[in-house]
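Next come two complexes built around chain A: one with chain B, the other with chain C.
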Partner chain A sequence: MDEIIVIALSALTSIAILMLTSLGLAVIFGLMRIVNMAHGEFLMIGAFTTTVAVRAAGFPIWLAILCAPLVCALVGVFVELAFIRPLYRRRLIDTLLVTSGLSLILYQIAINVFGTSPPGIGTPGGFVEIGSYTVSHYSLFLPAVTVLITVLLYALFKSTRYGLLARAASDNPDMASVLGVEVRRVNLSTFVLGCALAGLGGGLISPMVAVSPGVGQSYVGQAFMTVVTGGPAFLLGTLSASTLLGGIANIVSQLFTTLWGLTALLVTAIVLVRLLPGGLSANWSRQL
Partner chain B sequence: MLRIRDLRAGYGELMVLTGFGITLEPRQIVAILGRNGIGKTTLVKTLAGLIKTRGGRITLEDDDITDMSPPQRARLGLGYVPQGREIFSKLTVRENLLVGVRARKLPLSTIDETLETFPTLRPKLNDLGSSLSGGQQQLLALARALALRPKLLLLDEPSEGIQPSLLDEIRQHLVDARKRYGLTILLVEQNLDFASSLADRAFVMESGSNAREVDRDKLLSDATLLHEFLGANGEQT
Partner chain C sequence: MATNGKQGDTIVSNAVTPIESGAPSASASGTTRRKFLKASTAVAGTVMLGGISRSYAAKGPIHVASMFDVTGGLSIYGLPEMNVSRMAIQHINKSGGVLGRQVKLHEYDTQSKIELYSRYAQEISVNDDISIVVGCITGASREAARPILTKNNKLLFFPSVDEGGECDKYTFMQGSDILQMETPLIDWAVKNAGNKFYVVAADYIYGHVATAWTKTLVAQAGGTIEGVEFIPLDVSDFGSTIRKIQSAKPTVIMSNLVGGNHMAFYRQFAAAGLNRNIAIVSPSFGLANEQLVLAPEETNGIVVAYSYFETLPYPQNKAFVSAYRRQYPDAGPLMDLPAQVWNGWHQWKDAVEAAGTTEINQVVAAMESGIPFNGPSGRILMDATSHRNIQDINLAQVNDKREYQILDTQRQVQPATTVPGSESCDLVGKDKNSHRMIMPNI
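Let's turn to the complex of A and B:
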């Protein structure tokens, strides 16, 4: 019984991590149709911001985690204005190429600044004993904070002025603009929000992973699969896909090995996309 | 109200409007007729700011709007109901109505006032825009534009694919809006019945630079005029 509880909690943590590392990508791709190949580097910037804030500046870890989205938002403003804005309404491949280049640059900068294996930070909080097993408080905190972030995002997009205008600008930018929506400003906000979410994801996972320049790249593939599998409802679709893919990957990993877990994730994503080409949420009436 | 002088616009290398001009007086309903491809939709899209002006001048009341963005034009009172309705398919009917209201920070009571005028939309408020019929979408597009109390409304073929009974309703909404708050309307149409029953003045767009004023009452009776300017599409519907 203890083992089942521990496996279930571990699966919940995996689902939370997959959701946290996918949310920024889901917002940017879901609302702007931009494939941000530099998403992993925003995760990495968030993770490094947190570790540097803790180790070099002595910030409490919770404050350090909150710094991560702020730093990524600032980088996001620069990236949107300098690289993304000129590419709106152009081919998907153009944004793909530009963000891939950006990804390489940010990765190399991180190597030059931090080296390939910089010191990390410890997991905050204590542990809880479940039978003969111990589970960290932080791994229980992650699913809770993921639910909170998802609920807040849902409220943001469903109930605020920005959320309505962002969805309208995504649905039909021309019509939104003739109704008075400053589409450029809304797009900037959406891109920055996506970057901030990636940063927050990186910050939140930083105590649980080895933070290195490649940390984002190790999550970005799964994040892409999750967002694509989730379909057009970029929030609830991504949550569903995270639950399914993260749950399966974690359980298979625990029963066999991590390699088999990742293989199961990939196979599940392929089968789902094959059966539901539009993604899990293709036929949902909810579009968030 | 609206003064267009020597307007030039097009797509890429193709120039569609090559010096077009027309003037609308306040509270007037002016119909622009013409065969397919002559540039009617290009004209209204250029006036709405969706196609960049490459020459000429557009003045709305005392404001030169030639180089203004679509949101700036909207703030000055320019409304637009596009061909094909362009409803936000992923938003509900209420959200469709709210977009312009919230973008321009108008009071939310505007929505209730609009729904009093368009009561048939009220039961559909929580339905997605994509779930509405063509006629309902046209009403929503009109309500969405009128909710913002525009001074000038650009209407691009509102009768397209709409059943006659609904056309009467649309006509009545436009007449009421003019009566209630002095709306000026530029109507681009191929349906001569609809255009002649609504417009104070009618022009036949002969090219990208020329629109000839015609007697509104003659539109439905002059077969030569129909054939000459409207071709097969000028057949009454």
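Let's turn to the complex of A and C:
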């Protein structure tokens, strides 16, 4: 019995990590259709912000994690104004090229600033005993905070004026513009929100992984898969895809090996996209 | 390890950046032709007086090369290795060069891309001047470069620890192998932590061969294997692995994990409280300075085995470490790989001077004759049969200040000449013309 509980908790943690590392991309790629190849670097910046705030500035870990989205938002403002703004009406491939280049530059800057093996921070909190097993507090905290973030985001896009305008500006920029929406400013806000979410994700996973300049890169592939599998409802679709892919990956890893877990994730994503080319949420009535 | 200006300069766009290797004073006061000529004439004169009169001094520098990943994901290993390579050549030049000739290092930044290893190996192969490469980091990169280099009569010295199985007349393996490292680790574990092992290993050739050795050695030491799990290199979520370890209830973890993502294992292992009663031993922990990246409470007590640690008491090591700190003040601590780069260049130098030429077969014969070298890691000696170093292995434990405390030193440990469940290699007997790698049977 305790084994089943532990497996279920571990699956929840995997789902939460997948969701947290995909959320920023869900907004930037899912909603705005910008292929952000630098997503991993935004995760990395968030993670570094957290470790530096704890180690150099002595911030408590919770405050340090909250600094991560702020720093990423600032970087996001610069990136949007300098590189992304001219590309909104262009082909997807243009954003792909620009963000790939940005990814290489940010990565090398991180190596030059932090070196290749920067000191990290340990996982906060202790662990709970479940029968003969132990599970760290932090791995239980992640699913809870993921739910909270998702609820807040849903409320933001559903019930605020900004949320409405953001969706309008992405859906049909010309019509939105004609109706008086300042599309450029709304796009800037949405892009920055996506960067901040990536930073928050990076900050939240930073006490669980080893933070190095390459830390974000292993998440990019899975994040794209999750957002694509999620389909047009960028928020709830991504959540469903995270739950499905992360859950399957973890449970198959538990039953067989980690390699099979990873394989199951890929196979599930391929099969889903084959059967539902529009993604999980293709036929949903709500587009959020 | 942070890059500094010096390294930055050599990385830019073109990977090939020969180092200035003029007279000793050249770098400080600016090289002039006259100064250089003066110095080299003086060196040439000394060589003649010494009775080893040869015409080499007149022929200009000896060209050598290093290929390391100075940028990209593997720069964690490649940066310090290139630093030390540069420093070793400067040191050799300051003490008179090789055969009285200065040595010119060609630096190739392979950017953590395997295809660049093949490409630069081709480039080096068509360059008649370069006779030797000290380079490559992963086994995969070595196998991309080695066949090209040795087919074209270029020597390769490989400085990483590795799983064994290389069997090439023109290749020398500097790092310790799994047999040399895991034997003392398993003995320590059985004595101090119990004999029930659980193996976590990186899911590529290194992890698989290392685990084959672990199984053999654990059985010899009277232990049992409670479980084995191979982890793909891009996995950093170890939730399921940690649950399985708790089900298997081992007393010791043998970690054959590799790379940045896998560092998360030690963190999540500690976060779940498993480090209270399960010990970790590893032949790969620390190569990427894991003890710095992770928090002290997460790594305290992990036991590793290498031939080199920064804290070794030998005078050669003190000089090596202080020279490195002077030249690269921002670079992190030195681990086994860069120290082996230093050993490699000096073993090559001794062999070339014993042979009196850079001609490949004569240098190989001199290497095989076994010229002992006292370097930062103590005495090392090339074993002719395996082309691997006979060297000291130090067993060390990470303390609560992110440092290694040496528990025990085993002197002059013999390398492996076989691959478990597969063939053996004898480079002075049946394999004296071999240029191959023995594949494990897994």
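Just so it is clear, the second predicted complex is superposed on the first by the 288 of 288 C-alpha atoms of A that agree within 3 Å, B and C clash if a C-alpha of one lies under 4 Å from a C-alpha of the other, contacts with A are read in each partner's own complex, and residues count from 1 in each chain.
Going forward, a contact is a pair of C-beta atoms (placed from the backbone, for glycine too) under 8 Å apart; a residue touches a chain by one contact, two chains touch by 3 or more.
None of these values were measured; they are calculated from a predicted model.
The wider contact with chain A, measured as residues touched, comes from C rather than the other of chain B and chain C.
In the superposition on chain A, A:Leu156 makes contact with neither chain B nor chain C.
Judged by the touch definition given at the top, the superposed model places A:Leu179 against chain B, while chain C stays out of reach. In the superposed model, A:Leu266 makes contact with neither chain B nor chain C. Contact with neither chain B nor chain C is seen for A:Leu66 once the two complexes are overlaid on the shared chain.
With both structures placed on the common chain, the touch criterion links A:Val6 to chain C but leaves chain B unconnected.
Applying the stated contact rule after C-alpha superposition, one finds that A:Asp171 touches chain B and leaves chain C untouched. Look at A:Val145: by the touch rule set out above, it reaches neither chain B nor chain C.
Those residues of chain A that touch chain C in the complex are listed here as 3, 6-7, 10-11, 13-14, 17, 108, 111-123, 125-127, 132-136, 138-139, 207-212, 214-215, 217-218, 250, 253-254, 257-259, 261-262.
Within the complex formed with chain A, the residues of chain C that make contact are 1-3, 8, 71, 73, 75-76, 79, 203, 229-232, 234-237, 239-244, 246-247, 260-261, 263-264, 267-268, 270-274, 288-290, 292-295, 297-298, 330-332, 402.
Interface of chain B with chain A (complex): residues 48-50, 69-71, 73-75, 78, 80, 82, 86, 88-91, 95, 98-100, 102-104, 128, 144, 148.
Of all residues in chain A, only 161, 164-165, 167-168, 170-172, 174-183, 232, 285, 287 touch chain B in the complex they form.
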